[in-house]
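A, B, C, D, E and F are the chain letters, set down in written order, and residue numbers restart from 1 in every chain.
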Amino acid sequence: MAGTAISMLWLRDLFAVVMLSGIYSLFAAVLYVVMDAVDVAFTEAAVGAGISTVLMLGTLALTKSKERAHKKISYGPLVLVLLTGGVLIYGTLDMPRYGDANAPIHSHVANRYIEKSGSEVGPPNIVTSVLASYRGYDTLGETAVVFTAAIGVLVIIGRRRKNKKDTPQAPKTKEGSTS
Amino acid sequence: MMFATAALGVIVAMALAMFRAFAGPTVFDRILAVNTAGTLTVVLISVFGFLTERPEFLDIALLYALINFTGTVAVTKFVQFQGLGYPVGDHEDGDV
Amino acid sequence: MFTPETSMLLALLLPLVGGAFILLLGERNRNLREAATILTSLVLFTVVVGLTTDVMSGATPTLVMFDMVPGFAISFTAEPLGQIFALIASGLWIINSIYSIGYMRGNNEKNQTRFYLFFTIAISSAIGIAYAGNMLTLFVFYEVLTLSTYPLVTHSGKPAALAGGRMYLGILMATSIGLLFMGMMWTLSLTGTLEFTPGGILAGKAEGPLVGVLLFLYMFGIGKAALMPIHRWLPAAMVAPTPVSALLHAVAVVKAGVFSVVKVIVYIFGIDLLNSESSDNWLIYIAGYTIIAASIIALRQDNLKRRLAYSTVSQLSYVILAAAILAPISIVGAAFHIAAHAFGKITLFFAAGSIYTAAHKTEVSQLDGIGRRMPFTMAAFTIGAISMIGLPPTAGFISKWYILSGALETGQMFAIGVIIISTLLNAAYFLPIVYAAFFKPEVSPPKHPHGEAPLAIVIAISLTAIGTMALFFFPDIPLGLAQTLAQTAAGGN
Amino acid sequence: MTAEPNIFLILLVIIPLMAAPICVLTRNANVAWSISMAVAWAVLGIAIKLVMELSAHDKVLYYRIGGWDAPWGIEYALDKVGGLVILVVASIGALTLTYAKRSVEKEITSERIYLFYAMLMLCISGLLGIAITGDAFNLFVFMEISSLSSYVLISLGKDKRALTSAFNYLIMGTIGATFYIIGVGMMYMMTGTLNIADLSSILPAVADTRTILVALAFLTVGISLKLALFPLHMWLPGAYAFAPSVVTIFLAATATKVSLYVLIRIFFTMFGRIDVFETFPLQPVLFGMALAAMFIASLAAIWQQNIKRMLAYSSIAQVGYMVLGIAIATEAGLTGGIIHIFNHALIKGSMFMAVGAMAFGLGVTTINDMAGIGRRMPLVMAAFVVGGLGLIGIPLTVGFVSKWALVSAALDAEMWPLAALILLSSLLAVIYVWRVVEVAYMRPSPENAKQPVQVPFSMLAPMWVLALASVWFGANATFTMDLAHSAAGHLMEGF
Amino acid sequence: MMHQKSVLRVVSKLLIPPILLFALYVQFHGDFGPGGGFQAGVIFATAFILYGLIFGVATARRVIPAAATRTMLSLGLLLYGGTGIWSLLLGGEFLDYNLLASTPSAGQHLGILLVEFGVGMTVAGAMTTIFYTFAAQTLGGDDTPKEEV
Amino acid sequence: MFEIHAGLFNYWAAIALMMVGFYIVIAQGNLIKKIVGLNIFQVAVFVFYISMGKIDGGTAPILGEGIKVYSNPLPHVLILTAIVVGVATTALALALVVRINRSYGTIEEREIIEINHAADHDEDTRL
């Protein structure tokens, strides 16, 4: 996975970069499965390998697919990145260890989901229960985000309606009269 | 044990496919490599389901296979036509 | 007629109402517009005069408006010092209005409506400063005054005017926001109040170098008092039309400055506090330095208005010096000098404007023999000059007398020396003008034969000259007020 | 602490959220505008009602979504700071929509207008959601709703630079949001909860771990990116300068304010039980950033020719003041920061509305275009000047109240150099405001000057409402100061 | 065009109905296994994307026009919010499914079904819309408004 | 060293990936590559989240007969939402790239900045 990421850094052929980002996402999905997050893996597979790749290809089709030559290493960002990474690693030192069943994360909120969702909500898939019921409001927000993105794409690159007689607007702007 | 061995085999195969994807050099090498990697992922996920004794998650593998197909179609189409949507046609009803 | 509180409110609002009328009438009804100006100024003066008796009888009518910031209200109090200032501002406004009409029409200035409008706002804020009941209110109106005079200073819109306006606004804003506001907030943080209290509010709350620092913030924060080195805005603002210069120098702006200085010394610091601290001595030296230095600079100016401007810088520091002497009797002198200088300087400026309007002359060296063509103007000029020098029978004599007495009382030899030297210097830069005007032959032949200035101007200038002398013969009202002030300052209540 | 759930909390967010798809379904600009307009004013009504309830009863308003108790479900919680913020967002939203109709017709192609209103509704909903949510992750979701819609709205600007500005904003904003979720993840890891109230009660137990320190750092940096706190402000000038006028007005008056509110929430609610400024070396960093913003951005504003960009730099500087108030970390300082949120919204709202009206009337974009505009568009320019005086902090404008609060807080905390610096930097505002005033009033109109298009009442009215409000709340700040003060009191107690 | 690529065409035609079926399966099986509205929406959209890729966007648009996808997108969000508002109207709290049916458990079931369906609709609509919009871009033909400087 | 920190390698791996992504975003000039970098960054954060929900011996949080230990479902839910937000952002960003390419004729940051500077300069010097 790291190899994928790093080679994306070096490759200048954007097509290859897009392909690799698909693979990167595939690996992430496998990792999710390994870490028991099947729903997430499912979504990552659908999104990362599917939709994102298709969209990126669509964009590449409309732009140049080769990146201009650039300086190989920019030191300012590199320092910033190393600093950020260092801070993050410093922060991990006090974290609960991987797989530790006694970590606070497993004992405060989550256990109610595991123990009671079957009776309180119903579906055997706890993720679905939490997603749609306990934290259903987040999901509403998520839906709104998808909605925003779709409308946003329309607004940004959507094409105009053809100027039919029954088109609702009577465009006063000059753009309206050119078609 | 049988499943673990299988999983290991698949991972080795994936590594080989990945090498081709990184190295290229032609576009078709990469496409093929990515496609193979996808297929292997499908297998890996299935194997993994059995490995953890919860084989009901085959759905993911199924989805993967599907997406992989669509993705490959998109990529090949891109390579051939440098675009996705053609023919676009001339519709009265635009997007906005 | 009204309760004192209502009168105060009326005094604040009247100019604004007048301003609204001016805006409505506009350029098309210029006669009505000017009538509105004069009428407003007359009514305002009547109202302020009506208040005087109350204040002289020792009453301090107070009007608390609304809380601007919780716990800190916009409030107004009529007290003796403020009353003097209000009387000067409203009284001279009448004359200035008459003069303005003559000047603006005589010189065909543009944007006259704007001019009169901002003039009324400036007067309103001057009244607000005069009656301010606490430091916050004073600060508010101080800033409004700065802003409302900016369009007046830059009235012509020429690059020179803009440059002058920038200097004017820049210095006044920078000092008031950077220093005065800081001093005010610091005071607030030390004492928890900003009310003007007889005897001061800082007593017991601040001591040692802190008093010095605060005094520094206030004295240089009040940029309108034009202590050196922040006096530069005053000559820069000479680009303004003459009525505006009169407003700046005599009616409102610099008077607001020195008024605030006296007010701060008396009501914020308290004379006792300053007397007991040694960290304020620098103020006398700065004021003395300003007096002498400005006089010397004035001596070297050929431009008449610039010479007058530097004279103002010097005269303002008389007030500051008088206040800094910290003797009750010198406080009387300080308060009275605000009035005396106002009348004297407005006369001088009117004369300068009159010369410009009639003869289009601006330089001192061009004035040879002009006294014969413009006898009224130059007679008035002479009276003003005598008042500046401080000779009887003019108002300047009385104030200088009190200041000197205060200095003698406290043994401030430096102050005495400064006053004597500056008197000589004053004489040195004013008397040659008078001499030249009346006794030197005219450069022959004059390119533009001219006579006396327009009637409105002559009336105005005569009135102020008479006023300058009247203050010598009948000093009762301002003197009475000033003495009440001195008692409050010294007695603590 | 458990109180009767308040249904208006959810309505506040859900009404504009639902209005967006309805706008899309109408496919008609006028209908979409009417719907948005009605919704915006209804939201304002609800916000006013909530604020009144908050000031009447001294308590926090709650709502449990889905009927699940916090921390299992998502909870809405509104205290006085939040109340002030939703009041700002709702009133600016309502006024902006009133203003929008004609301005949008002129600046945006007709067939996109109904989508524009849908986006604006989403943006309002997102910002309100951020302000009243009691859940750290839900906050992220609503932050993204508002951010995504802002990117779209900004990209609608006519100038092509709007596109790159939107893209830059998108990249920076996404990095900020990702930093935020890294921080939330670390906190979740150490506490096991996402509910803000719950977090604040559990955090003290783990406060001295390195993970929490790093979490705080990431939350701060992430939000500072959204907040455009110097030196993370790069996206803002372009975004404000090239967005459509209406968008600039709305975002300038609300978006950074809401982010600032999040910062306040993090410092004083999430970490409220820990004295965050004692425990972590936060104060010097924030002081440095805030002061740098105040000076460098103000200086940058002085050099701008593009009038909107000048105001944008000024916004960055003003954010510096707010952060400074927070970083003083006393009740008085916090009051200053909070009240400046409100005051600056009024000031910048009216100024950007005035600039929008100038663009509408004369196509003004740079300061040079404004020569003589004081006479050609007197009402518009006067509103601009009122706002400008507020920026400087002239008495009788809201700016003065803010400055009063901040300076007295700094002095009370015995940080007099800080007070001096605040005043010094506000002098820079004199320069950049006066530069415009001078051109507008003193420079004559060019020879071939066009006669301005009549600015409609629907644009003048909101502009003057804001300008007059900035005078009203400047002359009589009792209401806002009391609200800010008691809000600050609540926060200091660590609600 | 792909008129001669008959293998692809036939395979796709064969594949699309199962894909749609699979989408429905994921949609409604989300309670029991992985999956749910979002994933179903994506799969649903994938079917159209595949169709669009192989037969051209113009053809795909004839099958499901752009206006329809946009309507779907909006209705999905409205359905989700509407479920919440319905529960509000029934006197509960927003998104409190317990009241939607006679028993809380049936109510939860119905509620989850409705909102998942809402998500599915929105996502399917959104993904299709996005794909259409991207695919409809042409290299040269610029029909979005000209930028002015 | 290895003993003490053995349970942290998963986080470190995620952090390494994050940093690669972060570096691509801030250092690379190509707009599409920036978006890819953003994706890498975000996915790494997702991995970080998911890895904190894992319990040794646990299994996917889908209720079943005879299973005692489930991994924590909450991170999964959060990341589901975050993934969706991520793809929404990507779509929007790509749309912007398409428009930028059309308006500027390039998607290289450096060239865009040059064009923008020229435009700024024109505006500044216009009278």
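By our rule, a contact is a pair of C-beta atoms (placed from the backbone, for glycine too) under 8 Å apart; a residue touches a chain by one contact, two chains touch by 3 or more.
Fair warning: this is a prediction, and the values are worked out from it, not measured in the lab.
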Those chains which touch subunit E and also touch subunit A = B, D, F
Walk from subunit C over to subunit E along touching chains and report the minimum step count.
-> 2
Greatest Cα-centroid separation from subunit C: which chain?
-> B
Considering only C-beta pairs in contact, identify the chain pair with the most of them.
-> A-F
From the C-alpha centre of subunit A to that of subunit D, how far is it in Å?
-> 27
When centres are defined as mean Cα positions, the distance from subunit A to subunit C in whole Å is 70
If you average the CA atoms of subunit B and of subunit D, how far apart do the two points sit, in angstrom?
-> 45
Note: subunit F residues in touch with at least two other chains are 18, 22, 26, 52, 59-60, 62, 64, 74-75, 78, 80-81, 84-85, 88-89, 91-92, 94-99, 102-103, 119
Which subunit A residues sit where two or more other chains touch them?
-> 38-39, 41-43, 46-47, 50-51, 54-55, 58-62, 88, 92-93, 95-96, 103, 105-106, 109-110, 113, 124-125, 127, 131, 133, 135-142, 144-161, 175
Multi-chain contacts in subunit C, i.e. residues touching at least two other chains, fall at none
Any idea which subunit F residues touch subunit D in the complex?
-> 18, 22, 25-26, 31, 34, 38, 41-42, 45, 48-49, 52, 74-75, 78, 81-82, 85, 88-89, 92-93, 96-97, 99-100, 103-104, 112, 116, 119-120, 123-124, 126-127
In the complex, go through subunit E and note every residue touching subunit D.
-> 70-71, 73-75, 77-78, 81-82, 84-85, 88, 92-98, 145, 147-149
Subunit A residues touching subunit F - in the complex, by the definition given at the top = 1-2, 5-6, 8-9, 14, 17-18, 21, 24-25, 28, 31-32, 35-40, 43-44, 47-48, 51-52, 55-56, 58-60, 62-64, 67-68, 70, 73-74, 77-78, 80-82, 84-85, 88-89, 92-93, 95-101, 103, 105-106, 109-110, 113-114, 117-118, 124-127, 130-131, 135, 138-139, 141-142, 145-146, 148-150, 152-153, 156-157
Parts of subunit B lying in touch with subunit F, wherever the complex brings them together | 52, 54, 56-57
Inside the complex, what are the residues of subunit D that reach subunit A?
-> 17, 20-21, 24, 27-29, 65-66, 68, 71-74, 105, 109-113, 115-116, 118-119, 122, 125, 129, 137-138, 141-142, 144-145, 148-149, 151-152, 155-156, 182, 186, 188-194, 202, 206, 209-215, 217-218
